[in-house]
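What follows is a pair of complexes built around chain A, which joins chain B in one and chain C in the other.
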Partner chain A sequence: MFKTLNKMLFVSALLCALPLVADEQAKGLAIAQEQKARDRGWVESESELQMILRNAQGRESARRMRTFALEVQGDGDKALTIFDEPLDVRGSAFLTHSHPTAEDDQWLYLPSVKRTRRIASRNKSGPFMASEFAYEDMTSFELEKFSFRYLRDEACGELQCYVVEQTPTDTFSGYSKIIVWVDQAHYRVIQAEYYDRKASLLKTLTASDYRQYLDKFWRPHKLHMLNAQTGKSTDLVLETIRFQTGRTAADFDVSALERAR
Partner chain B sequence: MNTPLPFILRRPWLVLLASLLLIFMCSAGLSKLYFRGDYRIFFAPDNPQLQAFEQMQAEFNKSDNILIGIAPKDGQVFQPALLQLIEDYTDAAWQTPYSIRVDSLSNYQHTVAELDDLQVDDLVRNGAALTTAEIAAIKQVALAEPVLVNRLIATNGAVTAINITLQLPEPTGQQQVDEIWHFVRALSDEFAAKHPDVTFYHTGIIAMNYAFASEAEADVKRLVPIMLLAIILMLAWLLRSAWAAFATLIIIIVTVTSTLGIAGWLGIFMSTATVNVPTILMTLAVADSVHLLACMQLALREGKSKPEAIRFSLQRNWLPVLITSVTTAIGFLTLNFSEVPILRDLGNLTAVGVMLACLFSLTLLPLMMWVLPLKAAKNVERSAAKMDWLANQVVQKQKPILYGFVILTLISTALLTLNEVNDEPNEYFAKSTAFRQANDFMEQNLSGFTSVDFALSGAGEGAIAQPEFLAALAGFSAWLAEQPEVMHVNTLSDIIKRLNRNMHQDDPAFYRLPDTAEEAAQYLLLYEMSLPFGLDLNNQLNIDKSATRLTATLYNLGSKEIIAFEQRALEYVASNFPTYQVTAASAALMFAHIGERNMASMLSTLPVALLLISLLLVFSLRSLRLGVLSLIPNLVPAIIGFGLWGLFIGEINLALSVVAGMSLGIIVDDTVHFLAKYRYARLEGRDNEQAVRYAFHSVGRALWITTMVLVSGFAVLIFSSFRLNSDMGLLTSGIILIALIVDLLFLPACLLKLDKSKDEKHVQNA
Partner chain C sequence: MRLSLGLGAVGLLCLAASTCLLAETVGPVKADTTLWRLALEARPDEHVSMPQVIYALWQQNPHAFRQNNLHHLIQGAVLTPPSREQMLATDAATAKTWYYAQLAEQPLPSHAKPTTSTLVSTRRDNGSATAALSPPPATSADINSNKNAMVIAELDTPDADVSPLTTRVSPAVSVAAATALAESTSSRDTHATPQHPTTAKGSWRVQHEFAAEQRYFNRSGMQGAAHFHSLLSYRGQWSYEDVSRRHNVNIEPYLRWHQRDSDSHLVDLQQAYWRYIGTGWEVKAGIDTVFWGVTESQHLVDVINQTDVTAGVELEAKLGQPMLSLRRTGKAGTLDIYVLPYFRERQFPAPAGRLGPPLRVNQDLTWYESSDGKHNLDVALRYSQRFAGMDVGLSFFSGNNREPLLQPTPSGELQSLYYQMEQYGVDLQWVQGEWLWKLESIYRRTGYAEYVAATGGFEYTQIGAFAQVWDLGWIAEYQYDSRGAQATLPGQNDLFLGWRLALNDLAGSDFLVGVLQDLDNKQSRSMKLEGSTRLSDSMRLSVHAWLFQTDDPLDRLFLLKRDDYIALQLSYYF
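For the complex of A and B:
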C-alpha cells in the first residue's frame, strides 16, 4: 500500500517535471537558433591569427596562421587555414568542409612533399597544433551537432548571460557536455566549460575583446582556453579580420589547396 | 638521593588528573591521523632526483599510471572475444577518475596510406565481429609495431596490457589513489566475471602507491595483535601477575594513542615507515614498565610494604629509566638526518613516544600499582644463581672471551664490506603481496615495472624535426634498445619513420627518417591533426617542440644496476651527440639513488650520535674512563650485526641504513645498567672482579628480561609484508640480542682487562 503510494507520488512528480525538461530544451534550442541566426550573412572573411601555447610553468610558444572562411547556406561552412609559423610547417594548408550531420571533410596540403592528404575526420577531438583547442572547438557552429538545454540566467562580467548546456550528438566527440554562457544582448559566447567523457571539467574557454564588423557581426579578438587538468593554456588572438574579400567557392576546392599561399 | 618523585606519591590525584588531561589532549589528535602511500613520501622536496622528475613531468605530461595486465588462460590475445574485451575495457577505462589518457592494443592509432588518404584509426574496432583474416592482419601489425611490442603486447601474443595515464591534482592525497584503484579494480572484477578464463593484473605507480598504503594498514592490523599477544605472554612469564600485566598494557596503550595523537595534531601521516611506531613504542614502553615492576616485586619479596616497594622502585629506577629513555630518544632522533622524510617522522614520533612512555611509567604506573594488587617475585634465587654462574665463567675464561670477541669483531668489520646498498621498490613488497605478484608476472610475460624517462633537447623551437636531431634520437633509441637491461623503448623516432613510410604509399623502403626538417615537421602536423582526444603527442613533445621524452622500460633491477645504466646512457649521449642535452628521471631512478644518499647521510651522523650518547654516559656514570669504555659494547653489536648481515644477506635498503643509529640508542640501555652497578661496587672499594660479579648478580636478570622483551618486540616486525620493515625488525632484534651477549661477556672481559685496581683512585675522583 505504502509502496504504491510512493510509486504514484514518484510518477506524478515525474509527470510534472517532464514538461519542465521539455521547456528547458526548447529554450536552449531557441537561444542556439538565435545565436546562429544573428551570425548569418557574413558570406566570407579573411583573418590573421596568432596562437600562443603556454605550459603549466608559463613557458610559451607561438604559432601563426591565416584563415579564409566561407559561409555556406544549407550546409556547414568551409574554411582554409594556411600555416605561417613555425617555419618548418610554413605553407601547409588545412581545408575543411564542415557538415551539420555528416562527418566533416578535411584535407591537409604538405608543401615539403607537394601532396594533399585527406584526414579521416572521426578523430576531430585531438589537439589542434598541439594547443588546448581541439579541431571540434574551432569548426563552424551547427545546431545539428548538439542537443541543447537551457540551465539558468546568470551575470557574466558586466553582461547578463543565458547558461546553456550543449550535449554533442557525435559519439566521436571528446566531450560529454559543454556549458556555454551566451550574452543576452548580442548572443555572443562569453565563456564555455568543456567536460571530458568522464564528466570532469577539462577546460574553460573565455572569449573577450569582441568587436563588431559590418554593423552586425561580433568577433572575439581573444580566446583563452585553460586546461583545468594539466594547467596548460592557449590564447588564440585574432589580429585582423576582413570581410568581403571576393573569395568564392572555387577558392575552397580541394584542387585550390596547392595554389593557396 | 633527593628525588622529585615522592611528590607523585604525595599528590596522586593531581598527578593522575594532569596525566589524564595530557593523554586526552594528545589522543584527541588521533582523528586527524591518515594513511598516505604516495611514493613521493620517500623523498624530500629538495631531493635532486625528485626535482628532475617533477621538471620532466612539468615539461611533458605527467606519467603517473596504472597498468592493467590481461592474460587469457589459453595464451591467445588475438581472438574475437579477447579483442572485444580489450576494446570494452579501454572504453570503460576513460571513465577512470583523473585519467587523461588510455593506451591499449585496441585504441593504438594505426596509420595506413590509402591512395591520397592517410587513415588514422583504432587498430581494433568491433573486435567480436572480426574475421579470422582481419584478426591475422591486426596481429601482424601489432607484433611488428615497436610502440606496442613488449609494452602493450607480448612478443608471443599471450599477454596484453592497458595503460591508464593519470593527472593527479597537487598535492595528491591517498583519497585520489584509493578512488582510482577501486574504480579500476571494480572494472577488472566486472570483466573477470564475464571472462572467467582471463586473469587481470594491476601494476604501475598508482598500484604501488595503493599497495604502500594498504599494506601499511594491513601491517597494523596484522602486527599489532601479534604484538599485544607477545606482550601479554611475555608479561605473564616475566612478572607472573595479571594486574601488573594489565597496568603495563594501560601504559602501552596510552603511550601509543598519545604519540599517534600528537602525530595527528602535527599533520604527520601514517606511512610504511611510521606504521612501525606503535610496535616499536609498545616494545620500548614494556621495557620501562618491566624494570619498575620487577623492582617493586623484588622489594615486596624483601618484605617491604607495597607503598615502600613502590617508593623504593621509583627511587632506584627513575634516573636509569630517564637516562635510558633519553639515549633511546637520541638514537631515534638521528633519523632526522635521513634523506627520507617518512624515516624522519618515524624517528621523531618514536623519540616523543619514548619520552611519553618514560613519563607515564614514572607517574601513572606507580599510581596504578598503588591501587592494584601485586605479588612478590618468585624464582629470583634461581635466575640470580644462573647469573652468578655466568659471572664465574666470565672471570675464569676472560682471556678466551676477550680475544674471541676481538677476533669476531675484526672479522665482522671485514664482512661489513660485503653489504651493498640496494633499493628496489618492487622488492620492498613481500612475494605474498598482490602488487609484487602482478609485477613479477608482468616482468616475466610482458614488460617490467621499472622505467627510466629521458628528455633529449635540441637548440630552439622545433629542434626535434631537424634531421641531425632525429638521427641522434634514433641512434640513442637504438643504443638503448641494445642494452641488456632494456625491454622496450618508446620513442618519437619510431613514429616519424612509420609516418615517412605512410607518406610513401607504405613502401617499407621508406621506413627511415625523412631527409629534411620540413618533411618531419609536416608529417607530425598531419599526424597530430589526425589523433583523437587523449592520444596526442603531448606526452612525448614539449610545447615548442624543442625536446622529446623517450621512455626505456627495464627489467626490475637493483639500484646499483639502474644507476650504472643511467650513467652509461648519459655518457653515451654526451660523447656521441654532444650538441644535445639529455636528462634522466623516473620513480625508479629516485628510489635507486635514495639508498645511497640516505646511507651517506646516516653514516655521517652516526659519530655525532655516538659522541652525544657517550657524553651522556660519562656524566651519568661520573667517569670519563667508563664512558670511553662504553664505546665498546655500544659499537660492537652493530658491527657484528651488520657483518653477519653482509655474510648472509648483503643487501642494505634504506630502512637498514637507519638501524645502526636506532639500535644504538636502545642497546646503550644495557650498558648503562651494567656499568652503573659495576661503578657502584667499585666505589664501595671492591676490585674489578668483585664488581663484575656484583653487576651480574644485581642486573643480569633485568638485562635478560628487557632484552627478551625488545628482541621479541622487534622480531614481530619480521612478519611485515614490507621488506623495509621486516629487514629492519630482523636486524634490529639481532643487534639487540648480540648487545646482550656483548654486555654479559665482552664488556666484563674488557673491564677485567682494562679497569685494573690501580685505577681505582682515578675512578673515584672522576
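For the complex of A and C:
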C-alpha cells in the first residue's frame, strides 16, 4: 500500500516534471533562435586572427591566419582560412562548407604541391592547428546541431546571463554537452563549458572584448579556451574584422581555393 | 534608448522576413533606414554580391535617391527590388568598383564615435558620383522640385549633435566608414591595425624557402657513385593581386644544386603567369603547375606537367608548364581547357646522381614523333563536379607523351623517345564519414602501346588514435596496369599500404610509412618512411628514407637495388 502510494507520487511528480522539461527546452531553443536571429545579415566578412597556444608550463607559441566568411541562408556558412604563420604552413588554405544536419565539406590546399585535398570531415573533435579549439568549435553555430535546454538565469561578470545547455545532435561530436552563458541584453556567448564524452569538464571558453559592427553584430575580440584536463590554453585574438569586402559564393568554391592568398 | 531598441527589433523582423521570401517592395525609407538594409531585404541569395544588389536598386529606383546620389535616400520612398537577372546583369567586380567609387565620394566623420556613424545622408549637394556605369534613368529635376520629399536627415557637420533616432550605423555608407569605425573603436586598444581596403593599389605577398638536404646511401652506386650527396634548393614566391581581386600574377622560381651530378641541377619557373578572374570564368596565361587526381601512391591522370624525376623517386615534383588556360565555373561543374604550346623534356639524373637510369640520358639525341617536336601544340580538358559526397573528374589529353621511352644507343647512352599520346582519364573520390574512397583510371594510346591503368583504394582516418590527440590514417591502394610486366611504372599489379600519423602537436609533427608490394613477385617491394617536425616558426626538419627490394633482374626496381638511402632536410622559410 505504502509502496503503491510512493509509486503514484513518483508518477505524478514525473507528470508534473514533463511539461517543465518541455518548457525548459522551448525556452532554451527560443534563446538560441534569438541568438541566431541577431546574427543574421552580416553577409560576409574578412578577419585577421592571431592564435596563442600555451602549454601547461606557460610556454607560448603563436599562429597567424586570415579568415574570409560568407553567410549562407538556408545552409551552414562558408569559411576560408589562410595560414600565415608559422612560415612552413604559410599559404595553406582551409575551406569549410558547413551544413546544419549533414557532414561539413572540408578541403585543404597545399601550395607546395599545388594540390587540393579533401578532408574526411568527421574529424570534428580533432584539434584545430594543435590548439585547444576543436574543428567543431570553429564552424558556424547552427540550431540543428544541438538540442537546447534552458537552465537558469545567472550573473556573468557585470552582465546578466541565460544559462543554456546544448547537447550536440551529432554522435561524432567530441562533447556530451556544452553549457553556455548568453548575455540577456545582446545574446552574446560570454562563457561556455565543454564536457567530454565521459561527461567530465573538458574545456572552458571565455569570450571578451566584444565590439559591435555595422551597428548590429557583436564580435568578441578575444576567445580564451582553457583545457581543464591538461592545463593547456589557447587565446584566439581577433585583430581586425571588416565587412562588405565584396566576396561572393564564387570566392568560396573549391575551384577558387588554389587562388586563395 | 528604448526607442532605438524597438527599432532594432523591427529591423530584425524585416531581416528575418527577407531571408524567407523576396520582397515585392522594400521600404518605406525611414530616418534610420540604410541602403545596406534595403539591399539586404532585396538580395535574393548569396550568389549576388551586395554591390550588385545596391547598383541594381539604385538604377531601378531613381525616385528614391536625391540627385541620383547613392547617399541621399529619400525618406518615405518605397523601392521596387530589381529582378535577380537585373542584379546579375552587372558583374560583381564592376559593381564593386562602382560602389567603391561612390563610397569615395562620401565624407567621413572626422570624429567618428565608436558606436555611431554617418547617417543616411550626410551631405546635401554632392553632385553625381564618378560612376563608371550608366546612371539611372532618373528625372532628377522632378526629385529636386519635390522639396517635400527632402526629409533627409541632415547632418552637415560631422560633430553635430546626433539624435538617438539617427545614431544607427549605416553600413551602406562605406567600407571606409566601417573601417574608420573599427579603427576608432579599436583605437582604445594598442593593437589597432588600420586597413584601407579601398586603396588604389593591389597587394604583393612574397615568401622564400631555402632547403639543404643530405642524402646517405648505404652502398656505393653501380658505377662507384658516392655514399653522401648534398643538395641545396631555393623556392621563391611572388604573388600579386590587384584591388578588384580580378588580376592576379604569380611568380615562383625554383633552383636546385646537386653536389655530385650536374644533370640534377635545375633552374625552373614553377609559376609565372597572369590570371584574370571574371564572373564564372577565368583565364590564365604563362607558366603554371597543375595537379589533377586523388590517389596517394601513384598519380595516373595527372598529365599536364612534366615530372621532375631528379627531385626524387617519389615523382611528386614537377616542372613548370607554359600554357594558356580557360576555366568556366558554374552550377553544372568546372570546365578547364588548356592549350600547351611548349613541351618540357624530362630530365634524368646521371649515374653519379643515383636514383635514375643506369646510363646517362643524352638530351641532344631526343626524338619526337611529332614533326613540331617540343613545339607541338598539346591540348587538355578537364571537367569536374561534386555530387554530395562524391567528387568526379573527367579528363582528356592529346599531345606529346610526358613519359619518354628510353632507348640505349651504340655509344652507351640513353635516348629519349617522345611519342604522341591520347589519354582519357577519370578520377573519383567519395567521402563517407572518416572514409575517403579513391579511384583514378586512364586509357592511354601512345605510339608503341595502348593500355589501361588504374589506382584505387581508401584512406581511413582514426581520430584520437592511441588515446592521444593523434590522427592515424590507414591508406590502402591497388595499382593495376594492363601492360603487366611491360609497364613503364612499377605499379602493374601492386598493393600499396601506408600509415600516416599526425601528432597534432605544437611542432606539427607527422610521419608516413608506406610499402608497395608487387603481387606477382613476393620478393619485390619498395618501402618509404617520411617524417617532419617544426623546429621553430621558420624552420622545419624532415627525414625520408627508401628501401628497394627485389631479386628479379628484369624488375624495374632492380636498377634501384643499390640505392637504398636516408635523407635529412632542413628548410628555412623567410
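As a working rule, the second predicted complex is superposed on the first by the 261 of 261 C-alpha atoms of A that agree within 3 Å, B and C clash if a C-alpha of one lies under 4 Å from a C-alpha of the other, contacts with A are read in each partner's own complex, and residues count from 1 in each chain.
Keep this in mind: contacts are C-beta pairs under 8 Å (C-beta built on N, C-alpha and C of every residue); 3 or more make two chains touch, one makes a residue touch a chain.
Everything numeric here is computed off the predicted structure, so don't read it as measured data.
Enquirer: Assess the superposed three-chain arrangement around chain A: do chain B and chain C clash, or do they fit?
Expert: In the arrangement built by aligning on chain A, the partners chain C and chain B clash.
Enquirer: Of the partners chain B and chain C, which touch A:Gln229 in the superposed model: first, second, both, neither?
Expert: First partner only.
Enquirer: Counting only touches as set out at the top, which of chain B and chain C does A:Asn55 meet: first, second, both, neither?
Expert: A:Asn55: touches chain B and chain C.
Enquirer: Report the partner of chain A that touches more of its residues: chain B or chain C.
Expert: C
Enquirer: Taking the superposition as given, does A:Val113 touch the first partner, chain B, the second, chain C, both, or neither?
Expert: After superposing on A, A:Val113 lies in contact with both chain B and chain C.
Enquirer: For A:Val89, is the partner it touches chain B (first), chain C (second), both, or none of the two (neither)?
Expert: The answer is both, since A:Val89 touches chain B and chain C.
Enquirer: Check the residue A:Asp215 against both partner chains and state whether it touches chain B (first), chain C (second), both, or neither.
Expert: Only chain C; A:Asp215 stays clear of chain B.
Enquirer: Given the touch rule stated above, what does A:Gly41 touch, chain B (first), chain C (second), both, or neither?
Expert: It touches chain C, and chain B stays clear.
Enquirer: Scan A:Ala250 for contacts with chain B and chain C and give back first, second, both or neither.
Expert: Second partner only.
Enquirer: For A:Arg152, select first, second, both or neither according to whether it touches chain B, chain C, the two together, or no partner.
Expert: A:Arg152: touches no partner chain.
Enquirer: May I ask you to decide whether A:Arg242 touches chain B, chain C, both, or neither, giving the answer as first, second, both or neither?
Expert: second
Enquirer: Go through chain A and flag every residue that touches chain B in one model and chain C in the other.
Expert: Touching chain B and chain C on chain A: residues 53, 55, 61, 86-89, 111, 113, 115-116, 118, 120, 122-123, 125-127, 130, 172.
Enquirer: Which residues of chain A touch chain C once you look at their complex with the stated criterion?
Expert: 37-38, 40-41, 43, 48, 53, 55, 61-62, 70-74, 85-91, 102-103, 105, 111, 113-116, 118, 120-123, 125-127, 130, 172, 209, 211-216, 221, 239-250, 253-256, 259, 261
Enquirer: In their shared complex, at which residues does chain A touch chain B?
Expert: 53-57, 59-61, 83, 86-89, 92, 94, 106, 108, 110-113, 115-120, 122-130, 134-135, 172, 174, 196-198, 200, 229-230, 232
Enquirer: Per the contact definition, I'd like the list of chain B residues that touch chain A in the complex.
Expert: 58-59, 61-62, 94-100, 109, 116-121, 167, 461-462, 465, 503, 516-523, 525-526, 528-538, 541-545
Enquirer: Along chain C, where are the residues that touch chain A in the complex?
Expert: Per the stated touch rule, the residues are 8, 11-12, 15-16, 19, 36, 40, 45-51, 92, 96, 99, 114-115, 117, 168-171, 175, 178-179, 181-182, 185-186, 189, 191, 193, 195, 197, 205, 207, 237, 239, 241, 245, 248, 275, 277, 279-280, 289-291, 294, 316, 327, 329, 334, 384, 386, 388-389, 391, 429, 431, 433-436, 459, 461, 463-464, 469, 471, 504-506, 508, 534, 537-540, 571, 573-574.
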